[in-house]
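Across the two complexes that follow, subunit A remains constant while its partner is subunit B and subsequently subunit C.
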Partner chain A sequence: MVSKGLGCLMVTVVVCNIFAAAASLALMAVAIWVVVDAYKLYPISAGSGKTDIFAAAWIAIFTGFAFFVTCLFGIFAALKRSRGLMLTYLIIMFIIFIFECASAITAVTNRDYLVGNSNLVKQQMLQNYAADTTQGKQITDTWNKVMQDVQCCGTDGPKDWIDFQSTYQSTFGTSYPWPPNCCKKLSNSEVANPTNCRLGQNTDLFTKGCFQYIESMLSRYVWVISWYGFAVLMFVFFMLLLAMVYYTQLD
Partner chain B sequence: MKTNAVIRLMSLLAVCVCSVQSQTPEVTPADLQAKITTNSVILKQPHCYFNNTCPSCDIWLVPSLSSATSTFDADLTNSNILSLSPYPSAFNTAASKNYFLTRVGPLSAFPCNASSDALYFVVGADGNCGTVNCNGALPTGSIVGFKYLLVNGSSIITTTNWSQNITLATPQNYQNISGAFAGRSAAMVVITAILCAAVGLLLLLFFIMLCVVCCRTNDSKQITGKSSMRIPRYDTHNLHDRMHPYDNPAYEMERHTVPGKTHTIRPVKNRK
Partner chain C sequence: MLAVLFIMGTLCPLNFAALDISLMNPQSDGVLTGIFSDAFLLRLPDCTSYGNKMANLLYQEFSGNQNNTKSFVVPTCNDIQSKQGYLLNNLKTGTKYSMWYNIKNDTSLPLTDTTTTVSDFRQIKGGLQARSGAMVVITVILSVAMAVLLAGLIFLLAFSFR
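So, the complex of A and B:
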């Protein structure tokens, strides 16, 4: 009877470990996707000095892989019914658990700091767009790409360029009140209708603000790292409870 | 009869009032983002603002600081009014008149039937220009008023009223954008709280587990001897193989599988 119960528990532990191994491999894969930065928004994060979202993604790559390897070890330890191996498995899993917690918490906290409201992104844009520094060039390129792809202008709208002083205005302000990338362009990258662009005709000037797009793309990264990491951690938590019970039943 | 006459008089007066210039310059109602910038304003074109038919007349515009409208009204009778306050010196000194005049176009270019909200006139289109009557940029962030003039040659025939005061945008310093803390989202609180609780719980349960396992091994060590005898069956001599009340089911398996290990005590049968 006891051995039958123990056998059942062993099978459960093994199956849970298989699932956890698969889930943590998926965590590693999505963390790699975040690090690769498909939306090319890293300079906006770097401009604020805190790239914690991407740091959390790097941690998630390593913890995802470590979870995977340790879960395979756990399968071996459970099948072997060895106390020493199970204890090693539990300790290693616990350490990786703590690191993955750190990754999830870091990602979601940095998201609040960066895109909780549009102030930080707007300040960065006004300061660095068209600035002559390395950071300025990166941010200018990022914003140009975003403004043309998403068809938006400024952070909350084109009025940002009028209501605030900016590096752009002090350098180029006399010819256009806002950057030419705010307007529809022809395929040879020339402004389609410069007069209408300067006046702000809504057929040629993009009147939407870019903050919503930037916020939703960065949030996408963060939800992947933090919420999926959280889900994996909750599953691993219950699996570890089961493993601890199994450990106590071993002789 | 008297009321009829009064009504006719009133309608005639109304028609007369309409034919008198009561249009004021206004910002264009069209949907242009740069309607009011730091140094320029986009006005509606002066269609049907003047009822006079005058083939050689031009329409001019007076952009003026709201504080200088009375100065212009006082200067209106001056015969050199068109060049009295050239644009380059209009706003830069304390003694400046704070208004300037610029030509919009000939009266014939603005007929009544061509009036449209989509037509506009940009005040300040020439930027920092140098001629007397150029369409120069307005002072940043100032409060300005506008007036259209009907000019024949170099004398002013009639004017519209002053427009409402228009406040130009004052660009704020971007350092002043409050980088204050945007607040914590609910997701962050949930994730942090639950994960921290989970880590704490795991640690606690881990130590409890270690204690339980250690205590259990200690207890079992006290009881068992060095070489414990596992007795699956203990038959006393009076039973005569008829029943086995002292079987130990815990060692049932050993009794059958590993006969070499079993310490079965078989009492000597005293068969007489």
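So, the complex of A and C:
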């Protein structure tokens, strides 16, 4: 009877480890997707000096893989019914658990810092757009791409460029108040109607701000790392409790 | 009566037509704004009455007495694409100006407005304004989970060495 109960517990631990291995491999895969930065927003994060979202993704790659390997080891340890191996498995899983917790918490905290409101992104844009530094060039290229692809201008709107001083204004003067990438362009990349865009006609000037797009894309990265990481951690938490119970039942 | 009024109307010379000056505004003209930090965007004089005529835009600082003039040819109604305006630029930031049009013998009433001020971007307060619910939930739950696992592990170690 006791042996049957232990057998059931063993099977449960093994099955849970199989699911955890698959889930953590998926965590590794999505973390790789975040690191690859499909939306090319890393310079905006780097401009603020806080790239913790991507640091958390790097941690998640390693913890995801480590969870995968350790879960396979856990299956072996459970089938072997070895106390020593189960204890080793539990200690290693706990260490990886702590690192993955750090990754999830870091990602969501940095998201709040970076895109909780538009102030930081706006300040970085005004400071670094058209700046003659390496970081400035990267940020300029990123903003140019976003403004044309998403058809937006500035952080909260084109008025950012005229309500605040900016490096762009210091460099190019006020004859053209906003960058040309705020204007509708022809297929040959020339501004369609420079006069109308200069006057601020909404037929030729993009009037919506880019912050909503930047915030939603960075949030996608964060939800992947923090919420999916959280889900994996909760599953692993209950699995480890079960494994601890199994350990206590072993001879 | 109506015929009398009609005849009187045709006898009235065209230079009694009102010459207006006003800023372009976002609601009716589809522009972002009519007031910049160093410029005003003014509606052009009526093209039906003043098309192809030389217009003078006179302006001066409200507290000053130096008169400035900019001249331009009012586009005809055929030439105007969408709602173009006249950009009066190279003005001082945060300064009150009076402006009026003058075309031949017609002068508009003066328009008075102030250019906007420009803020320093360094004054924008970035940083963590508030913690979101997601951050609080994730942090609290994971901290509790870590503590429980640590307690469980310590218990197991004590259990195995007993």
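Simple rule for what comes next: the second predicted complex is superposed on the first by the 250 of 251 C-alpha atoms of A that agree within 3 Å, B and C clash if a C-alpha of one lies under 4 Å from a C-alpha of the other, contacts with A are read in each partner's own complex, and residues count from 1 in each chain.
Note that a contact is a pair of C-beta atoms (placed from the backbone, for glycine too) under 8 Å apart; a residue touches a chain by one contact, two chains touch by 3 or more.
Quick caveat: nothing in here was measured; it's all calculated off a predicted structure.
Aligning the shared subunit A places subunit B and subunit C in steric conflict.
Using the contact criterion defined above for the overlaid structures, shared-chain residue A:109 touches subunit B and also reaches subunit C. In the superposition on chain A, contact of A:33 is made with neither subunit B nor subunit C. In the superposed model, A:166 makes contact with both subunit B and subunit C. Subunit A residues in contact with subunit B (one complex) as well as with subunit C (other complex) are 90, 94, 97-98, 101, 104-105, 108-109, 111-113, 116-117, 119-120, 122-123, 126-127, 158-159, 162-166, 174, 177, 198-202, 205, 207, 226-227, 230, 233-234, 237, 240-241, 244, 247-248.
Subunit B meets subunit A in the complex at residues 31-35, 37-38, 42, 120, 122, 127-128, 169, 171-175, 177-185, 187-188, 191-192, 194-196, 198-199, 201-203, 205-206, 209, 212-213, 216. On the subunit A side of its complex with subunit C, the touching residues are 48, 83, 87, 90-91, 94, 97-98, 101, 104-105, 108-109, 111-113, 116-117, 119-120, 122-124, 126-127, 158-159, 162-166, 174-175, 177, 195-196, 198-203, 205, 207, 226-227, 230, 233-234, 237, 240-241, 244, 247-248. Across the interface of their complex, subunit B is touched by residues 90, 94, 97-98, 101, 104-105, 108-109, 111-113, 115-117, 119-120, 122-123, 126-127, 158-159, 162-166, 169, 174, 177, 198-202, 205, 207, 226-227, 230, 233-234, 237, 240-241, 244, 247-248 of subunit A. Across the interface of their complex, subunit A is touched by residues 24, 30-33, 36-39, 41, 81-85, 87, 89, 116, 118-122, 124-132, 134-135, 138-139, 141-143, 145-146, 148-150, 152-153, 156-157, 159-160 of subunit C.
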